[in-house]
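Look for chain A in each of the two complexes below; its partner is chain B in the first and chain C in the second.
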Partner chain A sequence: MSLDRIKPHLPWITLLVLVAIVGGADSNFLKPHNLISMVADIMPLFIMALGMTFAIYIGGIDLSAQSVANMTTVIATVALPTLGISAAVVCVVAGLAFGMVSGFITTRLLVPSFVSTLAVGGVAYSLAQYLSGQRALYMDATLRDGSFGWMVGKSFGIPHEIFVGGVLLLAMLFLQTRTTFGRALKAVGAGELAAVASGLNVTRIKVMAFALSGMLAAIAGLLFSVKLSGGSPTLANGFLLPAIVAVLVGGTPLTGGVGGVVNTLIGTLIVAVIRSSMLYFEIDATMQQMVFGIILIAAIAMTIDRSKLRIVK
Partner chain B sequence: MNGILKREALVKWAPLIVLLVLILLFTVLEPRFFSVRNLARIAISSTPALMVALGVTFIIIMGSIDLSMEGTVSVTAVVFAFAFLALGGTVLSWAWLALPLAILVGAVVGFINGLVHVKLRIPSFMASLAMGFVGTGFALLLTGGDRIRVEDEVFRGLLTERWLGFPVMVYVAALFLLIGWFIQAKTTLGRNFYAVGGGEELAHASGLNVNRVRILGFTLAGMFYAVGALMAVGRIGIAETATGNNFMFMSITSVVVGGTALWGGIGGVWNTLVGVLIVNVIGNGMVVIGLPGYVQDAVLGLLVIVAVVLSTDRKSISFVK
Partner chain C sequence: MYKLNKVDKKFPGVHALKAVDFTIGRGEIVGLVGENGAGKSTLMKVIYGAYQPDGGTITIDGTAVRFANPRQAMAHGIGMVFQEQSLITNLTVMENIFLGFEKQFVKFGVIDWKAMAEAARRQLAKVKLDIDPATVTSNLSFAQRQLVELAKVLTLEERIDGDLVILLDEPTSVLAREEVELLFRLVRELTSRASFIFVSHRMDEVLELSDRIYVMKDGAVVDVVTHDEANIDKIQHKMVGRDVDKEYYREQLQKPYDAERVLVGFDKVSVPGKYSDVSFDLHPGEVLCLVGTEGSGRECILRTIFGLEKPSAGTVRMKGGVQTTFKARRAVENGVGYVPRERKVEGIVGGMNVYENMTLSQMKNYASGGILRIREEKELARKWVDRLAIKTPSVFKDCGGLSGGNQQKVVLAKWRSGGSDIILLDHPTRGLDIGAKEDVYDMIREMCDAGAGIILVADTLEEAIGLSHTILVLKDGEVQKSFRGEPGNKPSLFDLVHYMT
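Showing the complex of A and B:
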């Protein structure tokens, strides 16, 4: 049993071990009610990480996800009174558009994705500030419940956020495993030059990957703003780091090609368990960012495929 | 041959021309833009950004990238403020030791950054992004979210004391700019940065210890971030977790807009000076002619993309990630 054979299984083993440790320390953690609310709370982050998976899967990164989510919290709040439920459509289209622009700049203008998405994120941030008038906005409670109440209600004791996340996960899983797009994505992630040589339209596939990332970041922002009943240009700040951590800890390496959306589910759950464990072990909340930063470095170092990087720049 | 020469000349001088055109444009639209008062304002806002951008210039010349500046600036600012207050709270006491201490802390953070990148073989953009998060997290841990006030009049003299209409910090920044130029042009380390950026395999084949150059580069960058942090604290008199905010976007934009290519090997500290001035002239000018300040991020975003596109020789690369 070599390390390489265990490696694909490490994420879920890690998750189980963590759950066992935290559960062993405090059995309250394992109560179904607690686990369910923990999963429901992490859903906006999960949806963002789901999108980020596609950007990382093709060997890129999407640093605009947080700004796009911020922007959609504002769009959702501003558009709700006039458009009602159609505000969701505006949000999704906006996210898709921003993602496509990132993809276009990366593939056609040959700007590395960490710069192109950083720049597009700057545009999204400006737009959010313009739309919000640089203030925190609040949704009218009746309007919110009328249009988006279904997102945050409860059925059979399970919060609806989990259904939203679940449906998106299944849709993305379908896209990844059952469509030609999914196959092509794998080809691009495994080796871009080979994919080009075998006649794939790599540009289109990469643009679509970034578009999906933008769209899901937008849905994450929408769900988050409905949850908190408001929007602001900084509401989703603090999402970017755990979203990247979730993807990498789940086992999709920075070099792309392996892993996928189910890995990201496991990665997000690991993030969620670590977060609540800090509560149970009474670790100061101010430690959190530092801990996740260190976990990020460890996760990258463990998963990255160094044979793909002849020179590490 | 002639075509290549023209292209190179254009890329070389374009940033300076853009800067002059911008200054002219804003002055025509609003003559007050070109007053000493306003120029001093631009200089003040440029100063911390210039220090941070100088640091990352060396990294970009090597063809790597450093996204850790926000964390490094916050950590060094906070450590400096704590040490400064603990040692007496005025530059005239032993508290002056906090100044070199801050630069040492910056060097240590940069050194760790370089180690993570080189020894764990993680691409620098991700290694440094993660280190930046750790840095911000560490600053948050130290402060617990509080702001630390540094009210020593001598230290704040960086901002309040003016020579010829410009505060002292501008002259200090000019000194560090010269130090940066000296390192770039007159030392072996500086030439090695260009060697690594121009072609790593060639540099390696000719016997250069590339890993050592990289780690030294990140250490040096960390020291410049620390100087930037000191300027930032001197400017507002407060050190906090948010001291480093916005430095990442600002400094990367400045370096790239100044004409240092993301692919490495081209550009230098003078380009960065021009780039920082372009960014700050735009930021200031838009406010002076009455545009809302938040347009700035969008304009900078577009600017950085244009700059990268212009500086890319499209024939020499096949794809980017």
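Showing the complex of A and C:
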């Protein structure tokens, strides 16, 4: 009983403990400018994780997020010279479209989302390779600053990425808590059969959840591309695992229905702290994905709602 | 001699078996009958080791035994032939027969298929089934599969010392009449090898086959009759018998319905494999009860009205309009509210609070441009919490943590507050205590007074009779008989059971 009571608070307790550990080991970590730049650096990942939250919230997963982000880094770079700021629209629409396709495959063809999104991710990846000619592309500095400079500048000492992430977080929080769509998402995640028996259009809700995930993955790719001033079909590689970790460690279990976007913020910060702690503890960068792999397993094992997996007679 | 002594089994909220005594002698065929929920399945599960009793003892030839699982029960000679056939259809007959016991045919790490086929042929001979043991099971007819299953259980004979007890759970439900006769002849011959416990809804078959019959009701054995003194009428009375308390079902509150208007009209509607040629009209203020055994098609009729099943023939009218698309969303728009049997899975969303559950089916009444007016939702929830006396600390309480009766009230409030006037109730009182049941009965009368029509699949026959204006008795997907149930002139339990079985 008491464990159940603590469980919802575990994510932020974990975050505080981690910050205390790393800060205790090296007080430089706690300096404001260090913390701020750490948060700014994690924003593309956070935005992807934000989208992933919706896919996981309904009990699915979006394995295409990284490939969609890769694809949009290429789209953004290729489209920038001709379209300017409208390149962003192309990116967002492409993300939405790929997400919807995943949603349709999952709901209409009844292909589990871990397969459908993996497959759709393959398509996105190929498209990125085709568009880029399998090369790393670079943005012209003046063109980039003219159209997307606002994304990566600084105001009051705070990098603009943080504002972008913050605005998206607030928008998604509003969507999740205040709209009929958010309520429907919760019902589908927590009790899909009851949602059907209440007359909800569960198919449409699921498709929209995947579309949102695709859209946010695309925005993550766009931001990352602007930040690095270029695009390539492998630019965002290494995002997928930490994004999933961020959602799960934040407290949205794979079975869905609980947690949400604020949890993902905390989860992303945990990921950020773990990532920087590797620097402070001089852990080799090649170990990063292994560490996230281990954390992922631990997070799933701890958060999954086994009562939903039991065979119900 | 297999013997249960004062066996007791409790589940949360249900006393499933009450001090049940049960004996079966060598070579005996014992019948077990009772209404749905009388405790037959629980008793069987205790016998073959799937459940462990909370009280009482089980003895075999005087020695006390205790089974932790069905495999241990098998080691004592107790086998089960399942109603839902337990054979794996893509394996061969012989693989199925020896599933889990292949070791005896293993030589140098590989299976000697010839030896297994030979052994399987011997088992099949016991049940007089002349098929190649290498046949893939999916190629067999249902009757043949039943016999294979029986042969599989009979392998116990070679594996254990002592007597066999074999449970047959509704073995005839998928068989044609001739196949039933063959099976019965076989079972009688096999009494030289084993004793049988025979469970069936078909009373005449139980009477025909059994040496003795146990009659169960409300978790207790109410009668044991021998083959010679058995009489269908008497057994049926025992099965259901209990004086119906008129007040309990709010019969005095039952008012005539409005026969002029039709809320739902079924005209020769069929869903293949589920029910066929079903016709009825549901009027405002009417409680129409669908009565029948499990699998008689009652649930599927509810699902059709709610748009979850699409009929292949016939017309469904709702408030005059012929329905062409069958979608839950459409049904909800037509004013249909569905209170499913699986309250915790389909009724409420556990993890969502009281007001979120209440508005789930009608969110657009509480939203502008997709943005929820949460304050109004809470007001609505508070109003209905008061009105139905829902016991919850607040409207923020997770519905998964409410008691069954209060969950049911939340589900009913969801539909009533949204103005639904065609209410489908699937076992609305299942698992509720008496007080909560009476609350549900009160609500049913109130809804009728407010002009709603109710289609009910009741938990017990008394409930069906006590509550309804009209009763349709279904058997194997067909309407057998329609009864009218004005207060003071209700059909008797026996009238219904007669057409059900």
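Structure notes:
The rule we apply is simple: the second predicted complex is superposed on the first by the 309 of 313 C-alpha atoms of A that agree within 3 Å, B and C clash if a C-alpha of one lies under 4 Å from a C-alpha of the other, contacts with A are read in each partner's own complex, and residues count from 1 in each chain.
One rule holds for everything that comes next: a residue touches a chain if its C-beta (ideal position, glycine included) is under 8 Å from a C-beta of that chain, and two chains touch if they have at least 3 such contacts.
In this text the structure is predicted, and so the values were computed from the model without any measurement.
Once the two complexes are overlaid through chain A, chain B and chain C fit side by side, free of any clash as defined at the top of the document.
Contact with chain C, but none with chain B, is seen for A:G191 once the two complexes are overlaid on the shared chain. Touch counts on chain A: comparing chain C and chain B, the chain ahead is B. In the superposition on chain A, contact of A:A141 is made with neither chain B nor chain C.
Judged by the touch definition given at the top, the superposed model places A:A20 against neither chain B nor chain C. Of the two partner chains placed by the overlay, only chain B lies in contact with A:L118; chain C stays clear of it. Looking at the shared chain after the overlay, A:T180 reaches chain C, while chain B stays out of its contact range. Of note, the Cα-centre angle with chain A at its vertex and chain B and chain C at its ends comes out at 70 degrees, rounded to the nearest 10. In the superposed pair of complexes, A:L170 makes contact with neither chain B nor chain C. Note on the superposed arrangement: chain B and chain C approach each other to a least C-alpha distance of 6 Å. 193, 196, 312 are the residues of chain A that lie in the contact sets of both chain B and chain C, per the superposition on chain A. By the touch criterion given at the top, residues 178-181, 183-184, 186-187, 190-191, 193-201, 257-258, 312 of chain A touch chain C in their complex. Interface residues of chain C, counted against chain A in their complex, comprise 306, 308, 328-329, 331-333, 338, 340, 342, 345-352, 356, 359-361, 363-364, 367, 370-372, 374, 414. Interface residues of chain B facing chain A in the complex, by the touch rule stated above, are 63-65, 67, 116-118, 120-127, 129-138, 140-141, 144-145, 200-201, 248-249, 252, 256, 262, 264, 292, 294-302, 304-305, 308-309, 312, 314, 317-321.
Looking at the complex, you find that chain A touches chain B at residues 58-61, 105-107, 109-116, 118-123, 125-127, 129-130, 134, 192-193, 196, 202, 241, 254, 284, 286-294, 296-297, 300-301, 304, 306, 309, 311-313.
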